[in-house]
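Down below are the structures I want you to see.
One chain, subunit A, links the two complexes that follow: it is found with subunit B in the first and with subunit C in the second.
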Partner chain A sequence: MAVVEEKELLRVEQLCINFKTEDGGHIQAVKQLNLTIKEGETLALVGESGCGKSVTSLSLMRLIPKNAGFTEGKIMFEGKDLNHVSEREMRSIRGNSMSMIFQEPMTSLNPVHKIGKQIGEVIYLHSSLSKSEIKEKTIEMLKKVGIPRAEKIMDEYPHQLSGGMRQRVMIAMAMACTPKLLIADEPTTALDVTIQAQILELMNELKQDYHTAILLITHDLGVVAEMADRVMVMYYGQIVEQADVRTLLKSPKHPYTNGLLKSVPDMDDESDKPLVPIMGNVPNLGVIQAGCPFYARCPQAFQKCHLDNPPLFKVGEQAVRCWLYESQEVIA
Partner chain B sequence: MITKTETTLQPAEWQELEKAPVSFFGMAWKKLRKNKGAMIGGSILLFFILTSVFAPVLTHYPVNEMRYDETLKAPSSEHWLGTDEFGRDIYTRILYGGRVSLLMGLVAVSIAGSVGVFLGVIAGYYRRLDLYIMQLMDILLAFPSLLMAIAIVAVLGVGLTNAMIAVAISVIPSFVRVVRGSVLAVREKEYIESARALGVRDWKIIVRHILPNIASPIIVLATLQFGVSILSAAALSFLGLGAQPPNPEWGALVYVGKSFLSQAWWMTLYPGLAIMLVVLGFNLLGDGLRDALDPRIK
Partner chain C sequence: MRDALLDVKELKVYFPVGSGLFRRHSHFVKAVDDISFQVKKGETLGIVGESGCGKSTMGRSILRLIEPTSGSVQFKGHEVTALTKSELRRLRRDIQIVFQDPYASLNPQLTIESILGEALSTHQIGNSAKERKEMVAELLQNVGLSPRHAGRYPHEFSGGQRQRIGIARAIAVNPALIIADEPVSALDVSVQAQILNLFQHLKNTYELTYIFIAHDLSVVKHVSDRIGVMYLGKMVELAGKKQLFQRPLHPYTQALMSAIPSLDPDVKKERIILKGDVPSPIAPPKGCYFHPRCQYRMEVCEHLKPPEIEVEPGHFVSCHLYDAKATVTEK
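Moving on, here comes the complex of A and B:
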């Protein structure tokens, strides 16, 4: 199969995100994370609550308040290190070549402004179009995201729209300046399943039309299967497994990924086999421990896991952070 | 598999769109109209505003002309609310005094509102200055507001303008507190984060995204503080620190009238009644506005 090599859009190297704690110390929410996204690709970041997914996405846009935390490492976006560009330049990137949609469509739109004004503001910020051109473009975007009667919706307030409609408006806002990278932080979590499917389909369409890369943050493996090209599984602020979507869903290597997949109900399975949950919780980030952070919950843990945190091992095309694959080549 | 056609809208979503568009303040107005107290308060205020504005039409007596043959006359068909020690018509003086009293309230609330909103936004949005601003406000709040106003007048000197400034300063802390609290709540909302993620700069976020969202508490507070300011200004005048006779400011009228309390009760009763009614009007309207602008009360 001949694959055309796409240009690399985003490269994150050794990203560490630290948050200050009350007592003057700090905890590391994300540890030495590496990731790359090619143009037009969808990368899914998967993991349970509190594993550092959302923080990672915020740090890419440099939206973590300076007084709350600090980040280290390199974030190369279109050849620029985002940790070293001015705030002014960063603002011109946000919403323009990199934009974001949030989890809660109910609260992500400003209740006091009309829809048209909110979408128009983004276009106004990042282009030199005239008022009527902005209006035209806004209507075009609304139509693009599948909202009929776009002209009318322009003059309506967010509370007059349903959740699915609002998420469409959010997507229209995020895509208004045809960004190179769209960060979608749990875009469908707050929506019911039928709307969810429509929104995902819409995102796929837009991705194809505009050749936009998507960083999809989710905990829903069904969404991953539908959308992603590649998947990274995060646990306790680090990548534990990385693979293309088929490989990962078919043959998960890390016990955590395995556990995640086992805890999803299988529609085709007629037997009354109970779901297998992963016992316990993600350990507290404040507690520094020596071994693998998954050790306490891992069904396959052995002596070594308790002592050392494993590096990423190369297993075929996958990367796995687990001592079970100790015999393999170390990547990072 | 999902097909392309399914990405358009469901009938349920269509129906929702058919509803007539109503803005937030449109809905608030609707709720306000149903509130009896607020409507009564609003009517009282409208009455006093109109009588002050049209004072020259509503009376044929001059405000300050003294007529020594008419001194201390009790209310009659000629002088509806009686006359004072110099034969001036009390009804006329209350009409004209309303201009001064209402203006004092307006100026004090405008000054306090703009300074208070500015400081409150700075404290709430840029947390670095929060501690200093709020400590300053706590110091101001530690004094009873009237005592504080008296102290300021003592420093600035007696007079109408200084009284307005003094009242304004004593009201500032309550604005700062309310605004800061509201900003703190709104700045954490997702739409603010989303505005930031779209590349909107700080001052624009404040002006276009935060201020409109905290307009409700500011409107309510301004209305309630309007009444408080008029009362404080009248109190200052009553103590001889604000408007000076022969200025017909209501507090000053009461101040003059108290010397004649045993002979001419009408000299204190009617201006006092005017103060009471206006303050009551602002309080009723303020309470109504609070209910109408609160999205939780349906």
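Moving on, here comes the complex of A and C:
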């Protein structure tokens, strides 16, 4: 099969996200992060709570309030540096060529507006369609995301729908202007597994139909295996490992990735052997420490890990932030 | 099963919805609808189901934290539903519960020592404050914390550590049975594994019996000996872990298993995607509750509730597909 080299859609260079603290200082939630997404590709950003995966996605949309924090670095989207476009231009990008769905659809839908109005608003803002055309398009989108009796749902409020239905509405809204990039922040975490299966299938279908790139943010490695082309594992605001999905799940190199995979009970495993958890807890971002942030929890840590934070090393096609691979070439 | 520690028969918990004239309740949510099962001493019974299936209500009604509407719950041969208030307190020493949210289930104004000490003094365990203090230190050690944590408050701990405290409180009174209601679903993956291992370790140390309630089938599979699958207040399938996973019989169990994403990217699962959502428990469908979403739906399913059939020894399923194997007719 000939692989056509896809065009690069998003390139993030040296992204740092800092939040101000009460005592006038700041903490760094994301540290020198680089990532690229090609058109039509699904990149998964994986990590546990507080690792910086959600703020990364918010910063791509420039949704982090200016008074809360400040970001540094370059975010190139379709050739434009998003940190230097006007707010007006940013608004035309959001929802149009880049859109987002969130974990909890109830809190991200407006409870006092009808479903039809909320989806119609997106189309109204980003197109010059007439009122009746907008309505037609809205119904078409609702049908596209598998909502039965779409005409009636138009006139219902978010609270009248189930969690799975609400997430479908969110997806319909996000896909209404056929964005180039869809950012999905834990899109199925609040849903039951049978509903999760429906939503994941829907996202894959839409991706095929519209050739949309997806930045998938999740803590669930099963969802990653299902959806992603490439994976980046985050820990303490840094990328610790990066690889294509097969390589990452089959031969994880970073002790943290390895630990995560061993912590999940395997459905296909018949033996009752105990899980191998990662010791300790996810570190608090406020605590500044020298050395590798995973040092204290790492079963393979040695002297050097305590002193210096490792750079990313190139191990085959993978990138790994770990001193175990010190002999390899440094990427960043 | 003669050596049953807990014997639940035809348990029902109905909640009235709205009220008509003279407070006559016209509708009920049948949160737990006619469930029977037994738990043997030393085993772990896993209960799995999606949100709203009644699994938590069932767990709580065993302890009478929610009063059952009807049915019988026998613990060590005593009828729980007939106990007086003081007898109930004694029962709650034997059956303890661990909740999902360790943030919400610990009093933020008490130190860990007082939280655990309270459990001990309520049940008159330990003769003096000094003795209790020693017991608290030992408990903390047994759940993987340090005795020097005793003077701290809940907010000073991480989620995983708080769940350890919740577990320490449960085992403090030496219970025979622990009902764990989604004990790991609020935790990060790496911490979740620690807590699951702790449950396993304590089971061996204290000779505990568990009812382990969770929505995550892979977690339930990991800890359980037998597993019950619930759907809309009903137990649709109950079997030994091996039986259930090698040969899931109920179409809902099959769909639930196929819905879980595999960690192996090379495994392309034959996925059964269920249509629609779980129906509202206020107005459940006629006949089999699962029939509107079932891919093997037959005509009989629309009218008649399926009986519980023991397809092979210890493997119960409520589904008309297995009617031919029924030795018992409609219950």
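Here is the rule we use: the second predicted complex is superposed on the first by the 330 of 332 C-alpha atoms of A that agree within 3 Å, B and C clash if a C-alpha of one lies under 4 Å from a C-alpha of the other, contacts with A are read in each partner's own complex, and residues count from 1 in each chain.
Everything that follows uses one rule, which is that a contact is a pair of C-beta atoms (placed from the backbone, for glycine too) under 8 Å apart; a residue touches a chain by one contact, two chains touch by 3 or more.
In this text, all values refer to a predicted model and were calculated from it rather than measured experimentally.
S.K.: Going by the contact rule set out at the top, does A:Met165 touch subunit B (first), subunit C (second), both, or neither?
M.R.: Touch status of A:Met165: both partners.
S.K.: Just checking: does A:Gln196 make contact with subunit B only, subunit C only, both, or neither of them? Give me first, second, both or neither.
M.R.: A:Gln196 sits against subunit C, while subunit B stays out of touch.
S.K.: Considering only touches as defined above, state whether A:Arg11 meets subunit B (first), subunit C (second), both or neither.
M.R.: Touch status of A:Arg11: no partner.
S.K.: Using the touch definition from the top, say if A:Val245 reaches subunit B (first), subunit C (second), both or neither.
M.R.: In the superposed model, A:Val245 contacts subunit C only, not subunit B.
S.K.: By the touch definition at the top of the document, which applies to A:Lys304: first (subunit B), second (subunit C), both, or neither?
M.R.: Neither partner.
S.K.: Quick check for you: in the superposed arrangement, does A:His26 touch first (subunit B), second (subunit C), both or neither?
M.R.: So A:His26 meets neither subunit B nor subunit C here.
S.K.: Using the superposition on chain A described above, determine whether A:Asp266 touches subunit B (first), subunit C (second), both, or neither.
M.R.: After superposition on chain A, A:Asp266 lies in contact with subunit C alone.
S.K.: Please indicate which partner A:Leu275 is in contact with in the superposed arrangement: first for subunit B, second for subunit C, both, or neither.
M.R.: second
S.K.: Taking the contacts subunit A makes with subunit B in one complex and with subunit C in the other, which residues are shared?
M.R.: After superposing on chain A, subunit A residues 148, 162, 164-165, 194, 197-198, 200-201 contact both subunit B and subunit C.
S.K.: Taking the touch rule as given, give the residues of subunit B at its contact with subunit A in the complex, in rising order.
M.R.: Interface residues on the subunit B side: 2, 4, 6-10, 12-14, 16-17, 19, 21, 23-24, 127-128, 189-191, 193-201, 208-209, 212-213, 215.
S.K.: Using the touch definition up top, name the residues of subunit A that touch subunit B in the complex.
M.R.: Within the complex, subunit A contacts subunit B at residues 61, 63, 67, 91-96, 99-100, 102-104, 107-113, 121-122, 125-126, 146-149, 152-153, 155-157, 160-162, 164-165, 170, 173-174, 194, 197-198, 200-202, 205.
S.K.: Quick check on the complex: what are the subunit A residues that touch subunit C?
M.R.: Touch residues, subunit A against subunit C: 48-49, 148, 162, 164-165, 192-198, 200-201, 219-223, 225-226, 245-246, 249-250, 259-268, 272, 274-279, 281-282.
S.K.: Please give the residue numbers of subunit C that touch subunit A in the complex, ascending.
M.R.: Residue positions touching the partner: 50-51, 158, 160-161, 188-194, 196-197, 200, 215-219, 221-222, 255-267, 271, 273-274, 276-278.
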